[in-house]
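Everything on this sheet refers to the single structure shown next.
In order of appearance the chains are A, B, C and D, and numbering begins at 1 in each one.
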């Protein structure tokens, strides 16, 4: 299963593709269909680590990022909800490629948001 | 095994952003706006912050940023910020300016405001092009960069050289903090946010003038696909304007 | 001799400074240029003592924008220059008008060649600048306080049209704060406190408002600003007449020139000539109705101003019989270039009036 | 009572300080005063002129006097303007150490050898205050003590060493007139 997930407000997306490039585990992919504005938008595949890279680079405020809390004793070092992007001095809680195998989307989609287009 | 409830680790945007902006796909400026407002929120200074916003695409942020704003004349934001800060020293005063605004039209204002040691924070959104007018050469357009007024690329013989304003500011006494970040990568966004935080902490400590230059993507004004912005930025602006905190060389 | 007095001997710039401080001015920014320099000097000496700020800006453009910022933050603020420097400030003066920000602008002019600049303006948009033209230092002291009041009342930039005599003449004056009545609270001024409420304050010439609460936008806002200036035009025109009631010859003059004409009127009256003076005290709004009334019975209307004929346009526009209007002023510059030339003197004014009256 | 004077001379003679001392002393004494200056570009040697009007009542005066009841001639070089405005029979107080009193017509000319008087008073740089003491005493505008107080107020700190000599010069100037 994935360690994290994202909700994607697809109707706000302008299809710039920056999130796809920024995603360390490479679990975002642009859709083939388009949103109401005519833009393609990202869809999430299994393996999200909740690293927040997509949220950080997104110019259109499309992403909310969630993590599935680790079992006791496995909590990440920071223990805070603040974003810890890859490539930072601080160790990433979820190194790229180490996400748990089982898919989180769409089952991990938090309530009240547009569908995180599951892969 | 039951799946744990998802825990929110990054909101899409702070509540201080009141609505959608109309900027182009792949633009870096909305990212800069988001981290700026996050910093104001995290420092707990939203209710005493006053922004002075210049003229460029980012000017439309005035409609969606929930802090008090004076929308000022092109280039004059540091002067207006000076007047505000002098009469409201308890306020946290910042400017938001593009490269055309700060380095073309308003170079004199930012340099003198820095040299006065005015206790304000200037934020430069530098994409090396007049995005709002459709892609014309600015004072920070890098050598070789194509614009609508340097069609074959900026040629020093014809167009002169770009101006590294952050280095100029860092050479002046009265300056407490100068840094240059970029919003083209996730790591860059996080580092730039920390720079903004440092700059505001210096203002809160009354240390004097601060400048944070943020390199932002303008794929429209660079005539590249939206997704190519970060790559173009790293090969052009970032090569000419190195990232990081700048050493202050002007201490009296 | 006489008893002790609270009057001080002050040059015009110092007197205006004291008057401004008495009116609550706490921010000033300027760039040295003669004859405005004296005002910048006295402000920089006195404002810090009064708990305010005076900045020697690096250009007139920065000076006016600093003052704009201070005004936006709610301070009583002022700037100034002479016409040459005010030329650089035109964009900001228009911005102040369209932003509805109060600011007092002191034009310590070198002569009267800035009439068009003051009354027409060189910025963009439908705006006007309420301009008072005192005839001497004591009146400049009064006008200074009135201007701070009017600026706040109308939330608009306003101007004092001075000159080298008003800037530099020393007179015994008593500067005290005048109560000009209540003003609305400056609840629009920026202090940061509405941040995060969803309705944070915004000062913007386009008045677009927030995404959650749109403003009138440029069309609605600029119409409202234009309507406000129509209201000012209807309410604030001021003028003065001197021995004008039965005048066959009415001379129209403003500022220091009017003071000289007043003296000549006395001389000519003593010689039996029916001469009078009409003085616009506000250059904008031009006292059109007053002039029309004052010129109804005059056989001739003579315009005396130290320029090639600028106020002349307004006088022609509003005089009862425009064929009666004659220009008797002219360009006359001191050898230094910094002050009035020899035309501003009793003998040449007298001569020109008599010549035109024959 | 109203008094008008144009003081004319050259830069460096203290014309402006004389005029300001007179205007300040009058103001301090409760009278109304107006002072206008016309100074050439140079600090020394160029034309220097000042006009002072003092009135017991509220003042109505032009910044360029159309006429004047008196003139103080510190130097003749730039005196044509001032003498041209002197009313017929008006007072011309002439610094006869420098200017020729005989050159002035249609006026009540009073010659004061201000330099010699100043030297005798051990105030060789204060000929202007000799003339001012003489003028104010002649016209009974303000007393010498009031002029002294005003002068003391106006002299900048870096010239404070001249105050005593200036006071002696004011006294000597007044004495000349009273003796006559």
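Everything below uses one rule, namely that a contact is a pair of C-beta atoms (placed from the backbone, for glycine too) under 8 Å apart; a residue touches a chain by one contact, two chains touch by 3 or more.
Here the structure is a predicted model, which means the values were calculated and not measured.
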{"item": "Per-chain Cα centre nearest the global Cα centre, belonging to chain", "value": "C"}
{"item": "C-D against B-C, pair bridged by the larger set of C-beta contacts", "value": "B-C"}
{"item": "Averaged-CA centre spacing for the pair subunit D and subunit C, given as whole angstrom", "value": "35"}
{"item": "Whole-Å gap between the CA centroids of subunit B and subunit C", "value": "39"}
{"item": "Subunit A-subunit B separation of Cα centroids, rounded to whole Å", "value": "27"}
{"item": "Separation of mean Cα positions, subunit D and subunit B [Å, integer]", "value": "63"}
{"item": "Contacts with two or more other chains, residues of subunit B listed in rising order", "value": "20"}
{"item": "Residues within subunit A bordering two or more other chains", "value": "none"}
{"item": "Per-residue multi-chain contacts in subunit C, two or more chains", "value": "none"}
{"item": "Topology of the chain contact graph, where touching chains are joined (line, ring, star, complete, other)", "value": "line"}
{"item": "Inter-chain touch pairs (all)", "value": "A-B, B-C, C-D"}
{"item": "Interface residues, subunit A side, partner subunit B - complex", "value": "1, 4-5, 7, 9, 12, 14-18, 20-22, 39, 50-70, 81-83, 85-88, 104, 107-108, 110"}
{"item": "Residues of subunit D defined as touching subunit C within the complex", "value": "20, 23-24, 26-37, 41, 56, 59, 62-64, 66, 142-143, 146"}
{"item": "Touch list for subunit C against partner subunit B, complex", "value": "26-27, 29, 53, 55, 57-59, 61-62, 65-75, 77, 91-92, 95, 190-198, 200-206, 208-212"}
{"item": "Contact footprint of subunit A on subunit B as seen in their complex", "value": "3-13, 17, 20, 23-31, 34, 183-187, 189-191, 219, 225-227, 229-230"}
{"item": "Residues of subunit B that touch subunit C when the two form their complex", "value": "15-16, 18-20, 40-41, 46-50, 52, 62-73, 76, 79-88, 91-92, 108-109, 112"}
